[in-house]
Structures are given as structure tokens and as C-alpha cells.
Amino acid sequence: MSIEDRIAALEARLQAAEDHLAILNLLNSYGPLVDSATAKEAGELWVEGGGYSFGIPDGGTKRLVAPDEVADMYSWAGHMNLVNTGCSHLTATPKITVDGDDAQAVGYSFVVLREGERWYLWRAAINHWTLRRTGDGWRIVERTNRTLNGSEESHELMRKVAAI
Amino acid sequence: MSIEDRIAALEARLQAAEDHLAILNLLNSYGPLVDSATAKEAGELWVEGGGYSFGIPDGGTKRLVAPDEVADMYSWAGHMNLVNTGCSHLTATPKITVDGDDAQAVGYSFVVLREGERWYLWRAAINHWTLRRTGDGWRIVERTNRTLNGSEESHELMRKVAAI
Amino acid sequence: MSIEDRIAALEARLQAAEDHLAILNLLNSYGPLVDSATAKEAGELWVEGGGYSFGIPDGGTKRLVAPDEVADMYSWAGHMNLVNTGCSHLTATPKITVDGDDAQAVGYSFVVLREGERWYLWRAAINHWTLRRTGDGWRIVERTNRTLNGSEESHELMRKVAAI
């Protein structure tokens, strides 16, 4: 390869590694924002029109549209109760794959909640994220989240890890 | 340094950073595969002939040989009971060091299991992985896993973090 | 850009990505060191004169100075009781930002402790780290740690994630 070609190859490869780290930073910003009710900034981790789909306790699923519906959730009474008790929306490090201006990630998330002198796992879930590079950096396009309840739907989400 | 030498140095350094991220992806694939009973693919995270050594409840340790014995474990009745209840084999981000075509990692892992409306830590362990670059990407050569029970053996495994 | 400028840009960008990964390794060394009572090496994760500030059970906070006061804590009877029971000081992957020879990180940490056949979350906290490049690699300058108890102080620490 020519000098020019080797430099161009390095630039493209380094961009992908930087993107991986930037996405790790984006996903690891989520918890501290929502656990401190920093709602607007949390909603802005998504692209406008992006979505957050999750299972709800009575069965079925709900999809909130970013940024407003997502941000609004983080001022609901139920969420503020978690915030004031002491909680961590923990994003475990996912598998992340970058493909140009798009990316995907698959991994676990947990909600850790205080109860007296201890903390416990109030929620545990598997997630699939699609992400996109924007003028303001990487943002979430869709986050699909299902609790770990043994369902086929949760297992299908897990198996995406082999396809990304 | 000459232009040529600087480019060669960049190529070698970037390769090591990419390897670190690739190993992070490999280790973070494990949980979603085994928690969805995607057994064959889980076994193939190891090189052929690689091993997974772990402590067993009655004391003593067991070493399974990859890919078949490792994959078989993920269809055992005991494992399928975890899968159908709802679980996460969580790999906490380890310290990873890359040395050419070999690498090592030391870090914690947990099994999170559903119990009614909550999840709890069914298992907590320390791990040492050796890894090797193959024609199909990075694979695990040996994974040594010991539960966090205060034993000298578990502490020795932890201390490897200072040596890698 | 000239060849020379492109190479210089690559060198600076790659350094920052390598720094991000080196800090991840530094922070992920902490748990296995302290959980195996490898106290001296744990204290040396900080620069000399660096500090570890954390909340104490009776309210108020304490700041230990590195390396000696920090290392000493990991041989206190209370700590040795955790080590001998079986525990994990788990550092969840934080958001990390590098700015030349300085860096910051914000993220969660947990202490997982064995109780009979299970493990539970004995402690859950939010952390802000400042870090500095030294001749021996990256080291912690200050670690500020507050438990997740719903306090305004813990929420302020979380909100730093939007500022780093």
C-alpha cells in the first residue's frame, strides 16, 4: 500500500474505535442522568423521533418517543420515588458494533434500588440499541428493553448478540 | 522518526486498541448467548480444545473442554431452569492486556436470577481468561472461574490483575 | 492536510483512545486488588497525595490520603471481614473523558457480599474520579464516592456526567 492508502486506512479504523468508545460513553451517561432526574438531558441521548420500548408490569409493551415522552417519564411520580429512595439505572457494558454512521449494541441493564441498609435488583433486562452518528455525536435511535422473565421475546433479543 | 516508521508505529498501536475492544465484545457476547440457551455459539467463543474451569458446589473444581463440553453445559436441565426463570450471566468489564496474538483478562462475573418480582445474585465469581487471536478473531483459550467465598484460591485469581 | 499533519492528527487521536482504555484498566484493577487485601498496590492506583472521599454510615464524609491511608483501609478489620467472607468491589464502566494529561470519569460502584449461598449488594454508590497521566501511567488524583441514598449530594455527583 502507498503511504496515502495506509494513512487513509488508519483514519477509517481509528474512527471506528473512537466511535465504539463514544457509544460506551453515551450509554454510560444514561444512568447518572435518570437517577438524578436530569430528565431533559436524558431524553436528548436519543435522536428526535427515536424510541424507547419496554415491557410493562401488566404484560404488553410501551414505546415512548424521544425526546419529550422519554424525558417526561423521568419526572413521573413512580420514577421520582426511585430517585428519592436512591437508585442506579446500570447499563452493563454491551457488545457494540459500528458500521459507518450506524451502530448496534446488545447488553444487560439493571435497576438497583435501596431498601433500608441494602440495595437490591428491582429490575433486570436485556436491551438492543440502534444508534446513529449525528452532528452532535452518537445518539440512540431505538432502544428495545425486555425484562429477564424467561420469555421467548427476551431470548430473541439476547440472540441478536450473535448477529450484530 | 521517518514517515514510514511513524505509520508502522500507528498501525501496531491501533491494532492493540482494536484488539482490546474486540475482546470486550467477545466477553460481552457470552451472557446473552448462554442466557438464551444459544449453546453451540457459546461454545465457539473458545478455541477448539480450550477450557472452562469452575468451582462446583460440593467443593473441588471441574474443567470442561470447548467447544462441545462447554456447549453441552448450556443445555443441562439445571442451566435450562435458569434460562426459563430469567437470568443474566453478567461479565463485568475486566482489566484486559494484549500482547501480540495473545491476551489476558481478569474480572468479575455474576449470575443474576429472577425470584418472583425481583432478581438476586445467584452466583458471584472472579475470572482469569487467556485469549488468542485466530483466523476467526479473538477466542478464549482458558477461563478459570472461582466463586467469591473468601478462599485463598479466589484471592490468588484476583491478584493476577496486578501481573497482567 | 499534508501527510505530516494527518499523521500528527492520528497520533494525537490514538493517544486519547489508548488513554481511555488505560483508564478503564486502571479502574478495573481496583476491585480485585482490594478484595484480595492487596492493599499496597491498591493505594498506588492513586498519585501520592491523592484522595479518596466517601460517606460514612453515621453521616458526614471522610477523605483518606493516598497511598498510605488508602492502603491502610484495606487492612482494617472491617475490610478483612469482607475479604474473608467473599466480596467484589465492582466498578461499573463509567463515562470517561480525556483532556491531554488529565481525565475525568463518572460512574457507579457496588460492593457485592456473600451471605450463605447468595450474594447481595452491601453498598451502592456514585463516583467522580479525576485522573492524571504520570511517568508510571494513569493514576487517580481524587475519587469522590457517595452512597445511593437519594441525597442531593449524590444527585449532584451524578449530574457531573453531563459536564465531563
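We call the chains A, B and C, going by the order they appear; numbering starts again at 1 in every chain.
FYI, contacts are C-beta pairs under 8 Å (C-beta built on N, C-alpha and C of every residue); 3 or more make two chains touch, one makes a residue touch a chain.
None of the values given here were measured: they were computed from a predicted structure.
A.B. asks: For the sequence-identical pair subunit B and subunit C, what is the superposition rotation angle on Cα atoms, to the nearest 5 degrees?
C.D. replies: That rotation is 120 degrees, given to the nearest 5.
A.B. asks: Taking all residue numbers at the subunit A to subunit C contact, is the shared part over half or under half, that is, same or different?
C.D. replies: Different residues, largely: of all residue numbers at this interface, under half are found in both copies.
A.B. asks: With chain centres taken as the means of their Cα atoms, state the distance from subunit A to subunit C in Å.
C.D. replies: The answer is 23 Å.
A.B. asks: Counting only residues that touch at least two other chains, what does the list for subunit B look like?
C.D. replies: 3, 7, 10, 14, 17, 21, 92-93, 120-121
A.B. asks: Would you mind writing out the residues of subunit C in touch with subunit B in their complex?
C.D. replies: 3-4, 7, 10-11, 14, 17-18, 21, 24-25, 28-29, 31-33, 35-38, 41, 83-88, 90-93, 112, 114, 118-121
A.B. asks: For the complex, give me every residue of subunit B touching subunit C.
C.D. replies: Where subunit B meets subunit C, its residues are 3, 6-7, 10, 13-14, 17, 20-21, 92-97, 106-108, 110, 120-124, 126, 147-151, 154-156, 158-162.
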